[in-house]
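The following pair of complexes shares a single chain, subunit A, combined with subunit B in the former and subunit C in the latter.
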Partner chain A sequence: MKKKSILLPGLMILIISLVSHTAVAQEHAKQEKLKYAQVKVNGMACPFCAYGLEKKLKAIDGVIKIEIDVENGVASLEFEADKMVDKKTIADAVKKAGFTPDSIIFLAKLPEKETKPEF
Partner chain B sequence: MNKIQILFFTILTICTGCKPESWQYSRVIPLENITPIGIIRDTDNLWVSDVSNNRLVELSLTGEIIGLYDGFRRPMNIALSRSDNALYVPEYFADTVRIFKNGKISTLQLVNLPDSPAGVAVYKDYIAIADFFGHRIILKNNKDEIIIGQEGHEFGDLYYPTDVAFYNDELFVADAYNNRVMVYDLKGNKLKAIGYEDGINVATGIEVADDRVFVTDFHGNRVLIYDLLGNLQQILTESINEPTDLSYSKKDNLLYIANYGDSSILVYEKK
Partner chain C sequence: MQPCSIYSLQKPNAQRCIYLCVVAVTKFYKDDMIIKMFLIRGILTISILTSVIESYAQGPPVFTDTPILLGLGGRGVRTFGKYISKENANVYIQPLVLPFNITPKLLVGTILPFVSKSPKNGSSQSGLGDLAVFLKYVVQQKDYPGKTIRTLVKVTQRFPTGNNEIIPPLGTGAYQTAFGIVTGYITTKYGIYTELNYNVVSEGQPNQFIYNFAFSYPLLPQQYPPRQLNISADVNGIYVPELSNNTIFLSPGLQWILGRKVLLESGIQLPVMEDVIETERTKFMFLLGIRVLLF
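Moving on to the complex of A and B:
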């Protein structure tokens, strides 16, 4: 009886950790193909804000290119092929720039752009 | 000359002296493939920081490009040291202030490093730097440095400062996201706040000259002109679109405005 009560929670922990590990691995595997991200940011307006956001996002290890669309409040990121960048890292960088991230979406390729100024 | 004539001339003289100054739109200098943020009028030309192209642009007073100087990492609100004709260039991306003189570039040595320097001003032995993400001013006096302001919204606090200017031993700060100008003495004591009741929507640039304080209202598409006590004198709006900086030339009473939204320079004249 005692053995059972120890074994059962242990087994549960093992299963949970295996499931979560698999989920993380799957997310990473998915992200390997997703070389881009688009971050929607609220309240980005003046050039000091836009270039500040650019600076904070570019400081993320693995980010190789950034385009900021001030009018629509969207930052587009491109990652190094072998680097993993998660949502939290991006969200933290956005917060450091003084903004709240509205949404962060990983993409295999960026949508066709209209005429956007490159920063 | 009889008494009546003397009285007439006296009144005429007084009235002419009393005539309120008025700034009027004069002309626009369009800029092609240049994104102007900072502007400074030198004796014979204009300097513009072209932020998107990471360079300084030297222009004639009529707008012809004289020189393009690459290699600056997001240059912002520049300043001119009139004593040695050196340009001070805050590099927003590199957290440095570069000194551009006779075609050579050096770096200003700082003990306190800014996090995105947005503006700089030079006066006597003082150099002030607006530390955008640090919410403070770094005031350098020879080798000494003091810190002025802290993040906040109270009197004396700063919230994303973007530009600085000296005048009569006072330091004027474009306290951008507090929508005002904060004024300190050179020891860092807070003296006054200007413009907080005038609906400024992001005060990005400042110039203080000829006993006047000029402030750019970025989202309001205005330039506000105050006396040194903070009394509003005039509001400029004609052709102004997202202004970021300004420079005054006492020599010919002209005010140059970096019109970021239209990629142009506006010229206003004092009448």
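Moving on to the complex of A and C:
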């Protein structure tokens, strides 16, 4: 009887911890999958203007790499593996640089450089 | 107070003399042609010294202002050497322009000009010219993919900090307040710019209407980090309503964007119309400069 009373809660704790661990792992995996973003930036008409945009986007906590495509008006961001940045933060950075943010999408990986952005 | 003489008539850019003449001599010779020529020369000199030094931009054009600002917290430095060859003198100007964006739409800045004047018949003078502060505010902005249409208003206040007790003088001896509007239609393929200013001058000197138009065109495909060559063609004009005098320069320019933060530029301004006496005319103006973004 005593053994049963110890085993049951122990089993439950084990199951709960396994479930929660799986949920956290899934969340991490999800975040890892979406560690890139592409921002369509309207009004970016000259490459010398883009430096301010690069600086503002780089200043966002969690952003580790920026690539700017002036021809297509797109900024691509790469995030740290364990950090996610919300759309509002990215949009605010674009506005502070003096441009107008359009669509922002999160991606598992960036499209090949030769192809057009996914908008 | 130095007297205004025929000698000073032969000096280049003799704004002090213009000032003195306006104050003292116009009382007696209001209709005299010489006084009119003095005033015209002063107007031209002021405009030549200041027409391009505000145009800190993030790209083209060279001789006209741009409505694109630096972005929040954006700072920069622009400086250039401008050599002015006149019939009776050579003038060199080296302004240092320091802009700073307070908000994404509001920019303030200062202009510290070094001026050197070498008259062909007289001694040279060098030193600080008339210091200026300016404010720009974007009143309209429409952004589209790869293009933007923007308008800003600007106010420039110049102070008579240049020494005007010497001949040739380095300052105008007058306070000047310029109210302007700058518009631009800028795409990744080309840019069209318009700048209109009305400059109100104290001490009885005539006000000026300054107008600049520019077209700029990138020669290389757009890329980032930038490696770009831009060509621009400007028309820079000054109209003096009080005297009905007009001066127009045609100004081709070239810009070389070396990377994210550095831009080299050069241009020449050739007069196509000058309502001044022959000895006061400008042969050409040459500019060589650099712009650096500091964030």
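Observations, loosely collected:
As a working rule, the second predicted complex is superposed on the first by the 82 of 119 C-alpha atoms of A that agree within 3 Å, B and C clash if a C-alpha of one lies under 4 Å from a C-alpha of the other, contacts with A are read in each partner's own complex, and residues count from 1 in each chain.
The definition used in the following text is that a contact is a pair of C-beta atoms (placed from the backbone, for glycine too) under 8 Å apart; a residue touches a chain by one contact, two chains touch by 3 or more.
None of these values were measured; they are calculated from a predicted model.
Once subunit A is used to superpose the two complexes, subunit B occupies space that clashes with subunit C. Shared-chain residue A:51: touches subunit B and subunit C both. When the shared chain is aligned, no partner comes close enough to touch A:103: not subunit B, not subunit C. In the superposed model, A:73 makes contact with subunit C only, not with subunit B. Comparing subunit B with subunit C, more residues of subunit A are touched by C. When both complexes are aligned on chain A by C-alpha atoms, subunit A residues 45-48, 51-52, 54-55, 96-98 touch subunit B in the first and subunit C in the second.
The touching residues of subunit A, when paired with subunit C in their complex, are 40, 42-56, 67-73, 95-100, 102. Subunit A meets subunit B in the complex at residues 45-48, 51-52, 54-55, 58, 96-98, 117-119.
Touching subunit A in their complex are the following residues of subunit B: 35, 37, 51-52, 74, 76, 92-93, 116, 118, 132-133, 160, 162, 176, 202, 204, 218-219, 242, 244, 260.
Here subunit C touches subunit A in the complex through residues 58-60, 68-74, 101, 104-105, 141, 143-148, 186-188, 191, 218, 221-226, 228, 257, 260-261, 263, 293, 295, going by the rule given at the top.
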